[in-house]
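What follows is a single structure, written as structure tokens, with notes after it.
Order as written gives the chain letters A, B, C and D; numbering starts at 1 within each chain.
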Amino acid sequence: MRAPPQHRPLRPGVLAERFHAVRNATRALAAPLSAEDCAIQSMPDASPVKWHLAHTTWFFETFILGRHEPQRAPFHPTFKYLFNSYYNAIGDRHPRPYRGLLSRPALAEVLAYRDHVEARILALLAEGALPADLLSLVELGLHHEQQHQELILTDLKHLLSCNPLRPAYQKTWPLTPVKARARSWVRFAEGARQVGHEGEGFAFDNESPRHTVWVNEFEIASHPVTHGDFARFIEDSGYRRPDLWLAAGWDQVVARGWEAPLYWERAGDSWQTFTLRGMVPIEPNTPVCHITFYEAEAFARWAGARLPTEAEWEVAAADAPREGNFVESGALHPLAMREAPPEGAIAQIFGDVWEWTRSDYAPYPRFRTAPGAVGEYNGKFMANQYVLRGGSCATPASHIRATYRNFFPADARWQFSGLRLARDA
Amino acid sequence: MRAPPQHRPLRPGVLAERFHAVRNATRALAAPLSAEDCAIQSMPDASPVKWHLAHTTWFFETFILGRHEPQRAPFHPTFKYLFNSYYNAIGDRHPRPYRGLLSRPALAEVLAYRDHVEARILALLAEGALPADLLSLVELGLHHEQQHQELILTDLKHLLSCNPLRPAYQKTWPLTPVKARARSWVRFAEGARQVGHEGEGFAFDNESPRHTVWVNEFEIASHPVTHGDFARFIEDSGYRRPDLWLAAGWDQVVARGWEAPLYWERAGDSWQTFTLRGMVPIEPNTPVCHITFYEAEAFARWAGARLPTEAEWEVAAADAPREGNFVESGALHPLAMREAPPEGAIAQIFGDVWEWTRSDYAPYPRFRTAPGAVGEYNGKFMANQYVLRGGSCATPASHIRATYRNFFPADARWQFSGLRLARDA
Amino acid sequence: MRAPPQHRPLRPGVLAERFHAVRNATRALAAPLSAEDCAIQSMPDASPVKWHLAHTTWFFETFILGRHEPQRAPFHPTFKYLFNSYYNAIGDRHPRPYRGLLSRPALAEVLAYRDHVEARILALLAEGALPADLLSLVELGLHHEQQHQELILTDLKHLLSCNPLRPAYQKTWPLTPVKARARSWVRFAEGARQVGHEGEGFAFDNESPRHTVWVNEFEIASHPVTHGDFARFIEDSGYRRPDLWLAAGWDQVVARGWEAPLYWERAGDSWQTFTLRGMVPIEPNTPVCHITFYEAEAFARWAGARLPTEAEWEVAAADAPREGNFVESGALHPLAMREAPPEGAIAQIFGDVWEWTRSDYAPYPRFRTAPGAVGEYNGKFMANQYVLRGGSCATPASHIRATYRNFFPADARWQFSGLRLARDA
Amino acid sequence: MRAPPQHRPLRPGVLAERFHAVRNATRALAAPLSAEDCAIQSMPDASPVKWHLAHTTWFFETFILGRHEPQRAPFHPTFKYLFNSYYNAIGDRHPRPYRGLLSRPALAEVLAYRDHVEARILALLAEGALPADLLSLVELGLHHEQQHQELILTDLKHLLSCNPLRPAYQKTWPLTPVKARARSWVRFAEGARQVGHEGEGFAFDNESPRHTVWVNEFEIASHPVTHGDFARFIEDSGYRRPDLWLAAGWDQVVARGWEAPLYWERAGDSWQTFTLRGMVPIEPNTPVCHITFYEAEAFARWAGARLPTEAEWEVAAADAPREGNFVESGALHPLAMREAPPEGAIAQIFGDVWEWTRSDYAPYPRFRTAPGAVGEYNGKFMANQYVLRGGSCATPASHIRATYRNFFPADARWQFSGLRLARDA
């Protein structure tokens, strides 16, 4: 994960403040949880919260302390193996499906590990001891940690959903219903456009280089598809009509018996859904979430529309303010729009739900990975995944931007993933 | 799990004392463990310690309190579902492979559940309120709980073995090596023999009725096969010669890549094994354990002998004192004989390791299951399993007897299972 | 498959006649089939007819010609590998699940292989060139071939049943319905009994040695359970009541969605079943077939009875005439009794359907396998299988006897397997 | 599979000639095969030759005869079910993995089915009875049949490769080695380019509409990667270095133990490969084939290059003559270049091997599927597949064009799939 050449590292003082803030934010997410909540893995795709707490620390210990002070003893000799996620260049690693078998180290020991590494990084930053390339890696480590903050919430949500007791992560529910707003369409003209990251701010390597794409005239919806929209799709036999689905998607519908998005359950004539605040009735005007690429694609076909490409999405989002319902709102669930946006405006394009695009996750023209282990950060996953854009209600606000490329396999549903419609003009 | 008709229930006072002792013994097993240790499930065959703590309590709540005070509210309305193991007559149940997904109820809440149910049972016993059939069920529940005490240890051992940190359940290792003793053979004459349980003491329904079997003249080994014996089998290519194996066993050897008993690892020219006290070198004179029926059967063929039938085993054990290395010794591992037994005596037939027999687990002649849920205790498992006899170093001493029938599938290895050779006279 | 020591080999002339007859009978079974019918494998447990034709020939080429004339070139150098079924001592072999991938050798070439080996064996028999041990092996090879004759029919039936065209092996249906006959019970007294083979006639090694068993007083049904009996079990929710089933059986019912025996299909209010003559309505008075051990066991429990042990079955069958509906009748399906047997007689105990017993397939006391490859014939399969007795409508009449032990896993259904009830007196 | 609006149907006379030719070409492919060769299915992805012969006929019967003469009885009432490949709008269908279980209809009956439908189609063409939309569907059916001609060869090759006898489809081997030629690079300038089909000739719907894409400056190799190139990749530990691979590709390498392309086997220090003419040594100067997208992508990274996008490929191929080593050459294997192409020319871009591109199979801008069953031809497969271009040695010459888009999952290897390198200029 090479920072692009234009990227200027943050000053150590600013970086130290941000380090402090991001690391504390992670710990705050885990604060309401018991050691048991943090230890269990509910499926191979998800990781225990304890593992996230340790792995994000391992990142700093390995890439900063391990390079700057290679003679220094690690906090624990086995952690290099236990908490390596997927870096072949670092060495062997504990297999992903077994992350939930580790009752030791105890949560308390992992928190001590965090303390230990944090103290040393902060000391090095205070001393101004780190060279520019390691400062860049510290900054990368913070963005990396923010990604895991989101995963802590989505992985935990999945775990709690497996428990017949239906436990809530947070009990109070601050949301109030709002009125529906009709979908409107915003048009964009044909032409050569520039997409991708450029400039001084941080971005991941997969957002670069900025380059030209040809975009046809298109229209994009003013706001995401809602829970209410999706309930109508279901009532119209959306999950029983193969003509609406990609063949690979229909195979999944049949094999797994899908009848609604993940976490939805029938409650008489209506639907309820599992949230980080327990089971609640669906709120029709909030963006729908926990759907696969296949469900997004089938819904769009049913609605007479299509998914946007990631270039279209980025063109549409380029001028939108980077505001929205992020993790800092405390909602931990998509929210309805409180007031109508101005005519012709794109609303809710950041936050609330990740929006599936029709684009597979592929390298941008002239994309190159960095040499060494950090080169494994993004590039090697560019196959059989689709791009999602815009961040969600579990994403930290400072983590997102218009060029940000998230990616998941077409059948992943446990993220806060939704969609926004597009159509040919 | 019908108590046989001859069985006379214990007096309430004696039962209360035993109830107190057995329940405390269970809690003592869990005492050194963290909530994390108790929450995780390492494979579908094993259960989390927390589940064992709850399920054994569920047994008393369901079969004693639920019958005696059916109007009484349960401790928690969902526990009936969560902690039912396999009783179809009680109703639906949480699927076994998902027992490890329950971070809630917390360990502390499960311990409170234990307190709550124990207090009520003890009060009823003190009042003399329970009729004879429920007193019998209390006694059954204590034997049931002792079975789960053994499973707590074997399931925990499996979990700890999956952790690259190789954690120990207990640190100190009290064992001292002893000298080998040559195997001798004890002969038994042909004839009609009586096997199975009869009389006043408690026994499970699968041990009854006592009945006649015809036993041919046979010889049985003076003591179990040892770690050293088994190491010689391995060195003699035991795991690479299909002619030594049952076809179904050889299929497992190939498919799973077995090269030694479970928990064994090469350490240079020698072997070490994982124990509840961490990794230790194998002690050649201790009984071998953690082998499947298939490995026991192949070893016996290699040794020019065979496994005993369960009838032969019971004939041989009938007069042996019920002494041995049980869980109360604190060893938590098979021990070597300290002193040679008298000539012609059967040694170590109780405790140390469960001994595989050549007998499938089938109903005794005229065996009948009890009506209702407790009838599901034993009878429905009488297919595709083999009988083991004698108890192990994880079995409570008061739990075992010569007629006791344990049973596991032929490919199970995570119990303290070993073997004793037999041969035709 | 050691012929027991008492066995006296047939004279070469008699053996040649029998060789001629058995080999021709195999070919006659394949005569109505196309090369395509003979090439396909419908499941890993079943083999293509072409494979059976070749493997039975491989047996003679390997064990007779290969020993008597080891310098002689084999018919084809690869056939040793392709048509070895499971003899590790002979060498590597083509994996069983891939037997259906062999479009070559063509059926015609396999028939030429049969001609070639047959001619040589007959020549050796005519010359009187074979020593006694090889004569015994020729006889063994014929009994082996008869086992494969039955498998040709059952494997073919499974293949044809997979075809939506519902093709028939033979078109005409010679059967006429008959009246039901009430089940009566025949009682046998308690005592030490002799079971197993002894004497001059041929038997497989697994039938020896003859030995003593203790048999309790028991009653056995006059005739097998019928299609009509089984339909009543289904109508009485037999497949929806877990209390009737062994746990492992119930798991199968749920996992595979069993609602009736293999090949049964609902036809309005009634049932039809697939036969080697196409789909036909079930005939209520014929013995039920294509059930697993689990279904047999559940039916018996429902009927207030149990399965006999194999010793009980053999005691009951010992004096019955070896007559019945065998493959020579041409029915290829169980038949109803034409006339009532005398009071107290055991009927239909040979032929019609193999009868599941409650006994696992285990070695008889003092059983020893022969050294070398033929020792793999039976002994290595003595785990996780149950014994069936009596032969079926697909068994050659000369192949069966009262001591004959057939065996299949508890979940096998594609044989003509049924049951006869027993109960405690 | 909507013919694009510009497409003008062929005249009936021309169509009849082509119908005759294409149908005969299919039959000629099957002519050297036995009924057994045609009946077997070697894996779920492949189909029996007999099924291809029937399904291509079903296409004409269903879409031409079924629409034009709906009252006419079908050739066989069950064939609609048996030979429907994946058209949900037509109705239920025989599951793909079971296509190899059909010994009936016999090959002869399928050939009679072909005769029957062909005669009727030719009669309708001769009468001029078909309206323009059905004439278009006849033409579509011929292109469809040509796709299955290629699959007949690749599916058959896979089947024969599974046979330890290593049978050859054709015995004589006409190929002579030629000298290596150095790879040169051809440069293309940046700019907006037009790709996709337009005009009167036939094309599949997935090639339309013609549209603008932005292409960066790039270079593409003069000819495909060869067997010799790929052997060097293997010798340089290409299959043992995770840094060369996409993560999903490396997972496959580990899980399936890949060490070389499909059909390659070590022969001492060299390699041989299975072909439709049996096992042969690899010819270093011929294009490599039978590699997955992952292997193509890893090779390109090892070579310091990358895969072209499908737009780059089409730009490069736009002016190349549609000549090459197609199925009509009779080679049935990639061939080496006989003479050097002119400097700066693109060689072997049609025929020999399908060339993997870096582009996922996605809809072109404004792509719409046709209503009804033929709309299922292409569009519903646009997920989790990658585009291949250029045709192979198993493709009919008249079937290919520069805009043609073939597609397979990233882990498919049984097609004649290879690669051509590209790089940034």
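A few remarks follow.
By definition in this document, a residue touches a chain if its C-beta (ideal position, glycine included) is under 8 Å from a C-beta of that chain, and two chains touch if they have at least 3 such contacts.
Being a predicted model, the structure only gives us computed values, none of them experimental.
Contacts with chain A and chain D are shared by no chain at all. Taking the mean Cα position of each chain as its centre, D sits at the greatest distance from chain B. In whole angstrom, the spacing between the mean C-alpha positions of chain B and chain C is 38. Centroids built from CA atoms put chain B at 47 Å from chain A.
For the pair chain B and chain D, the distance between mean C-alpha positions equals 60 Å.
Chain contacts: chain C has no residue touching two or more partner chains. Interchain contacts close the chains into one ring where each touches exactly two others, per the touch definition above.
Residues of chain D touching chain C in their complex: 34-40, 42, 78, 81-82, 94, 98, 100-107, 159-160, 162-165, 167.
Note for the complex: chain C touches chain B at residues 86, 88-89, 192, 211-214, 216, 242-243, 245-250, 293-294, 297, 306, 358-360, 362-363, 365-366, 375-376, 380-384, 410, 424.
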